[in-house]
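Next up is a structure, given as structure tokens.
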Amino acid sequence: MVSGVLDYLWLVPAFPLLGVILNGVLALIAERPFLLKEAGLPPPGGSHGHPSRGNSHATEAPGSHGSGASGPHSAPVYRNVVAFLAPGAVGASFVVALLCVLSLAARPPEGRTFVQILFPWIQSGSFLAPVGFQLDPLSSVMALVVTGVGFLIHVYSVGYMSHERAFARYFVYLNLFMFAMLMLVLANNYLLMFVGWEGVGLCSYLLIGYWYEKQSASDAGKKAFIVNRIGDFGFLLGVFLIFWTFGSVSFTDVFARIPLLRDSGVLTAGMATAITLLLFLGATGKSAQIPLYVWLPDAMEGPTPVSALIHAATMVTAGVYMVARSSALFLLSPDAMSVVAVIGAATAIFSATIGICQTDIKRVLAYSTVSQLGYMFLACGVGAFAAGIFHLMTHAFFKALLFLGSGSVIHALSGEQDMRKMGGVRRYLPVTFVTMFAATLAISGIPGLSGFFSKDEILWQSFSSPHGSPALWFVGALAAGITAFYMFRLVFLTFYGGSRMDPEVEKHVHESPWTMTVPLSILAVLSVAGGWVGIPASLGGDNRFEEWLAPVFRSVAAAGAHGAATGAHPSVSLEFGLMGISVGVALAGIGIAYFLYRLRTSKPAEIARRVPALYDLVYHKYYVDEIYEWAVVRRVVDGSVWLWQMFDALFIDGIVNGIADGVRSAGDRVRRLQAGIVGGYAFSLLAGAVLLVGYILYRSMVP
Amino acid sequence: MTPIAMDTGALVRGLYCILPEMVVIGTAILVLLADLLLPEEGKKRLCHLSVAGVAAAILSALWLGPGKIEGFSGMIVHDGMGLFFTLTILAAALLTLMMATGYSEWEGTQKGEFYALILLSTSGMLFMAEGTDLMTVFLGLETLSIPIYCLVGFHRGRMRSLEGAMKYFLLGAFSSGFFLYGIALMYAAAGTTRIPVIASMMRDARLYGNPVFLAGIGLLLVGFAFKVSLVPFHMWTPDAYEGAPTLVTAFMGAAVKAAAFAALLRVVLLTFPAILPAMSGVLWVLAALTMTVGNFSALLQNNMKRMLAYSSIAHAGYILVGLTAGGVAGGQAVLFYVLVYAFMNLGAFGVIMLVAQREDDGYDIDNFAGIGFRYPVLGGLLSLFLVSLAGIPPTAGFVGKFYLFGAAVRSGYVGLAVLGVLNSAVSVYYYLRPVVSMYMAPAPEGIPVPRPPRSAFSFALCASAAAVLLLGVMPASALEFAERSVLSLLM
Amino acid sequence: MTGVPLLDQHLLSVLIGLPLVGAAALLFLPREGHRTIRNVTFLFTLAEFLLSLLVVARFESGTAAMQLVESVPWIPRYGIGYIVGVDGISLWLLMLTTFIMPITILSAYSSVQKHVKEFMVFMLILATAMVGVFVATDLFLFYVFWEMVLIPMYFLIGVWGGERRIYAAIKFFLYTFVGSVLMLVAILALYFHHYAVTGTYTTDLVKLYSLTIPVKMQFWLFAAFFLAFAFKVPMFPFHTWLPDAHTEAPTAGSVILAAVLLKMGTYGFLRFAMALFPVAASDFTPLIVTLAVIGILYGALVAMVQKDVKRLVAYSSVAHLGFVMLGLFALNLQGIEGGILQMINHGVSTGALFLVVGIIYERRHTRLISEFGGLSRVLPVFAFCFMVITLSSIGLPGTNGFVGEFLIMLGAFRTHMWHTAVAATGVIFAAVYMLWMFQRVMYGKVTQEENLRLEDMNGREVAYMLPLLLLVFWIGVYPQPFLRRMDASVAAFVTRFEAQKQAALRGSPAGETMLVRYFDSGK
Amino acid sequence: MIEPPAYLLLSAILFGIGVVGVVARRNILIILMSVEVMLNGVNVAFVAVGSYLGDATGGIFAFMVMTVAAAEAAVGLALLIALYRIRETIDITELKVLKW
């Protein structure tokens, strides 16, 4: 089979890895001496055994982000090299990915799966997990999204992080993230996917905690990693179950063996449910669904491009990709599907409500991401995997744009993130305003834009699909309305109205440099046009996106899953009706937002006063964090202290030392027998003799 | 009255058989005579003379070879086992006398009588080891004990020495009373005092069922138990060992124990198989008691001599485990362990003699603080001996214990073996306490300078250390020699 | 073949003997010449490592039989021989020992200042004993080396340790010694049972493997072996000596203790306890697996609340070795191979962790976590090494920890599903205590004045950390060479385990020997 | 001729008296004498059995015992004198320095 460029598929993850190595070397060689010299510390290595010089130590101002960094520096040459290398690596892998996808597209629909095995990674007995990549329609979409959006964000970061001290270190982590994400997306087996899965978890830990001197940042990083690890625990058990049921972990083998094993009774519905729910536990951890979503809002401590890349566009969607990839397994157990759907819907509505009252611009976007992810899981839960992936793509575009836009706002306002101290920024940041407004329209589901097509498709599928139900549709629609409301609330508070900025910040406000605005505009175009590739048949489009993903999901559906999603359309008019309702709800949301934040700006405060308990509850995120802290963390820590002090030190050591002291005191008592008086000695000798002879005579008498 | 026919052949063969003893006694007499002639500073040469004498005795014993030589119509026999114990006892005596070159000078025991007493006591031990008649054994026992009483009390100036000697004497005499009474009862029941004859008569029930005989054997065992310091007959040991001059303590621990076990082994191996159920119970209890009491009382000792005294009681217990197991394996294990114990014991005492400045409170454990690093050789040697006494590989102590407990397991006394190994574990604690003070405790500045050892003294120490290591790493030949000796006894 | 006859026939004996020769050579060096003493010791250990590479080169991964075997009668009359050999199970443990020794000596250059000569002598004796343990295939020889390890380690902790070193040293010594003396009695019983059944004395392991032991007797013998090895591993209830020994031991001592000595316990289980007494081993499995899982959680939880870094790492060792035991007693190919690989990984990652702790201890002379903070800015290279080692310790995929833990849990999942599920949470707690510690030490603001003037890792320190980092990634990314060499031996072990188990269950052909009656009657 | 068991009884009695003497009395001289009584008790047994069996061993043994008893007495008294010169006491219960 003429694979041609596909043979170079392994270059896609290889380029970022190369970037990591090169930038890493630069970081260790070039950046370290520069930073140490700058902080007035002794030059690295070499001098040992020196008496510590008590020279003046510049207590490093906390790595302030945004433009307020410590004074202009003549950017050392290594920064320019890094600034070129990091985005370059991602750009190169985007180009290669694009070429591979194109050559894949050239193939007939059924043959669009290309697997490339590099070398056997772990092999023990019957278990084999190779390092191998698989490119098929699903992973090609993901690869393009990851590399595309990733490249834009890398370019954006060059500008955003220009005043940072540890410039190279940031890009090393970012490239490492790209490498891990691409491993996750392109892996041909569950175990390699798990490598990427934990790899991205590590990078999110490193990047959230980038400003490690801020206690809140390193706490958030640690929290993210540990909550992810709880998810990974479920994923791992899922992998074990998969291996011991199917005898292999690579996707092609597993999915091919489903019919055989199901007929032979090995693969029962209960087993399928167990596997899928365990995998889904992993997905909730990674994609921040209830109950493991708590880490995402705190992850905003990291630099904004990181939030854009990891906590909006790519990493958090890994869970959706995994569920979509294992769609064949999910279709086997209806109750697993309903669990996914219900949690998706619940998360969507729950986090949307929290989004309403948040004042930090990035927190609003964070909860919006959790909510949109809920939609994607809702789509997967009702069997509309293609719709889920479509929404994933469009969401990647407009959510990345929103984050980068808010980053540009924060950058301009020298670090200010609280919307109450913004307002009227429109005049200063025109490009940012226009692009963010476009994204807001998209996310609210205004017809014609990408958000509308993807979200509406999900709402329609949640209504019409055999797994779906009107209740799910209603929750989805309601959440869509709330989304529109808080997004426009954000726009009005930030860009419109009087300037609530404190004066000297206002003096410095200026439009971001081209390296930031160009990616914004590209993303804006994508947010608008991104949806056109998936216009549903009912609106006259031929939904090329769904058709593109069909081979991955239809072949699975054909494998005996009950009734494919693209079954009979009850009626086009019903679809139009529901579409109308969803647009209506969106417009209502926008109206209310306009009313509250443009006309009666005092109204929101008034409402808050009228129902303080409810407002307070929603503002504090339903105290979920505090409950977790109290119920889980405190209990575990106190329990461990008890285990250590009471059980370990007192109980076990008590026994051990007790035995030792017992032996010693016995020794002392026995020693005291030696009283020193010969009479006693003679008596003990006599007694011994009498006993001995008596015993012998007794034993010989009694046989 | 027909004149007694002088069977010169038998007489010569008899003398031939006790050649090593004759050499030792001859040396003793020579030393006494030389003592008269030599001026005060010449006394050193007396020690060299006795060392030469014992060396000659060893050569004569080797010259006799392992063949079985009957002497004095069966009163004494020079068989394989006899040779083994003779060599062990003479080796112990040799090492002691070599150490005496240094010790006598420091502690004022540079007198002819001192060496003569040691030599005479050695000859008593040889008789006891090779006696096949209860009379010879008794004579050997007394010839051995009486010089030792004097040696223990040699430091006339020191009250502890005299007290130790008096206690040892009184109880010694008391126990030899029991011993004799045992012989009398056995003689009354069996009509003979010849051990092999008694052994052959053991088959018929009339004898081994006879209560008088059994009482006799019991009392005999009491006598031996006292000499070997088995609990509850051990009370004298700590006081006598602590009171006696350290050199004598070393000699007593090593050689006296060897001689007593030799005779006990001969009696047990030959006569006990017939009356095993009764005897094995007794031996089992004695072994268990001795090990446990010995180890436990040594735990908190701060005086090194007294600690090593209790440890020698414990080791008597370990050896008794081999005796309880009986059979060729048991006997072989006992022989091997007695030999190894002699070297370990002499070596350990040798080192502490050097370190302690003066007799009584010189042996307190705190005096050993910090010498580990200041005098690495001394520290190393003492650690080696203590590690071997604790039975930790790769030393001979471990191999000895391996075979002792192996014999016990083989004859089914797994419980005793477990008790034995647990006791060794307990013993590790007090054997390592001196090591702790030598190496790990904070060393005071003014560490007492140990006594400058004479060349012979250091040779003796190195010889015992080499023996402990060699028997630990390559015990094969010694084990085979021991086994051949036991087989020759049972044949 | 290297052509040198000594190296061709007696490679393993050379490996055992070389450190001893080194120790002897040191005796002649002057006490004050610390530099020369250190260099000579380092050269000897380096030579030892290079020689051991020959073992790997010459090792054929196809056969399960013992390779490079040397058999010399030691006490022929009693069938005790000096028999050494290496197979898939012991190969990598031997390599771990020879690999970690030069690193430890290099790290001791600066950390040990007093009595350097004695320190190096004890380290070399320890090396001999450790190599001996892993290559000995004669029960008596194994036991001699097993005990020989105690004395040098006792001195290392006792003389060069911290404040409570004497208590920690004697506690370490007695814990292991009591366990192993009970094993001695079991060895004797086995030795004489073999004599009763076959009429010949032997302590050669290969011959003893074919001996079928009645079930009741197996129970008692396994119990004795179990106790000895459980103290050493250490398994859950018997672990309290480890934190004391680690906290008080000098850095080099802790590295050796963690990297090699603990593995002697798990290796002992695999090579002796499970192989000789299969029926008892499978009867004990539920208990052992439960204790292992408890150990995993207990170790992780208690580690989390430690104030002293070294104690934290010590308790983490209890957790890691809980995993190894879980793997071994999964009794299938994946589990055991995972267990063996995890022994190596634990040696590398925990050894490296102790070296890291040693580095900051040398600079600040304290081990309290609260004393540190914000070191990442002051010591960037150190931060990188510490981060990599932390990731390896929590088993992040791509590092060696993951490969081992994954295989263990994969194997154990099949035989003990629910145990493995609980054990898998240990992976979460591992992340919790390691990252929390890492955060408090490395991140945050520089609170202490002295922390600002700390110097980053010098050339020597980087030199001995680098090989460990490389190994972390090598095993993490390409563990094939390691796993392939284990396959044959582990597969043979599993099949022999089953066969022997059936044979023993069918009743021993030799009928009632006196020892058997003794054990049947119950002690 | 008196039957052997009667002699054995006599020797047992003498032996018993000696033993009680050693254990009970405090004066070292008395203890020495009690030991002599014990040994003589044994002599009686030997001579009795010897003559009953018509075997010379008994008599020879008795002589051996007597010589040994004499030697022991000599050494015992020598020690006693040395002890007295230092401690001015011959009371056994005073000898309590060496204990524990």
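A, B, C and D label the chains in the order they appear, each numbered from 1.
Note that in this section contacts are C-beta pairs under 8 Å (C-beta built on N, C-alpha and C of every residue); 3 or more make two chains touch, one makes a residue touch a chain.
These numbers were taken from a predicted model, which means no experiment stands behind them.
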Report which interface contains more C-beta contacts, comparing B-C against A-C.
A-C
If you average the CA atoms of chain B and of chain C, how far apart do the two points sit, in angstrom?
43
Euclidean distance of C-alpha centroids - chain A vs chain C, Å:
38
Distance between chain C and chain D based on Cα centroids, please, to the nearest Å.
65
Using CA atom averages as chain centres, what separation in Å is found between chain A and chain D?
98
Note: chain B residues in touch with at least two other chains are 166-167, 170, 174, 238-239, 429
The positions of chain A in contact with two or more other chains are 671, 674, 676, 678, 682
For chain D, what residues touch not just one other chain but two or more?
19, 22, 92, 95, 97-99
Dump the list of chain pairs that touch, please.
A-B, A-C, A-D, B-C, B-D
Can you tell me which positions in chain D touch chain B when the two form their complex?
4, 8, 11, 15, 18-19, 22, 28, 31-32, 35, 38-39, 41-42, 45-46, 49, 53, 55, 57-58, 60-61, 64-65, 68, 71-72, 75-76, 78-80, 82-83, 86-87, 92, 95, 97-99
Spell out the residues on chain D that touch chain A in their complex, using ranges where they run on.
19, 22-24, 26, 92-93, 95-100
For a test of understanding, state which residues of chain C touch chain A in their complex under the given definition.
171, 174-175, 237, 239-240, 298, 301-302, 304-306, 332-334, 337-338, 374, 376-378, 380-381, 384, 391, 396-398, 402-403, 406-407, 409-410, 413-414, 420-421, 424-425, 427-428, 431-432, 435-436, 439, 442-446, 450, 452-459, 462, 477-480, 483-484, 487, 491
How about chain B: which of its residues touch chain A in the complex?
166-167, 170-171, 174-175, 178, 208-209, 211, 214-215, 217-219, 221-222, 225-226, 232-233, 235-236, 238-239, 275, 277-279, 281-282, 293, 296-301, 426, 429
Residues of chain C defined as touching chain B within the complex
73-78, 115, 118, 140, 143-145, 147-148, 150-151, 154-155, 158-159, 165-166, 169-170, 173-174, 177-178, 181-182, 184-185, 188-189, 191-192, 195, 514-515, 518-519, 523
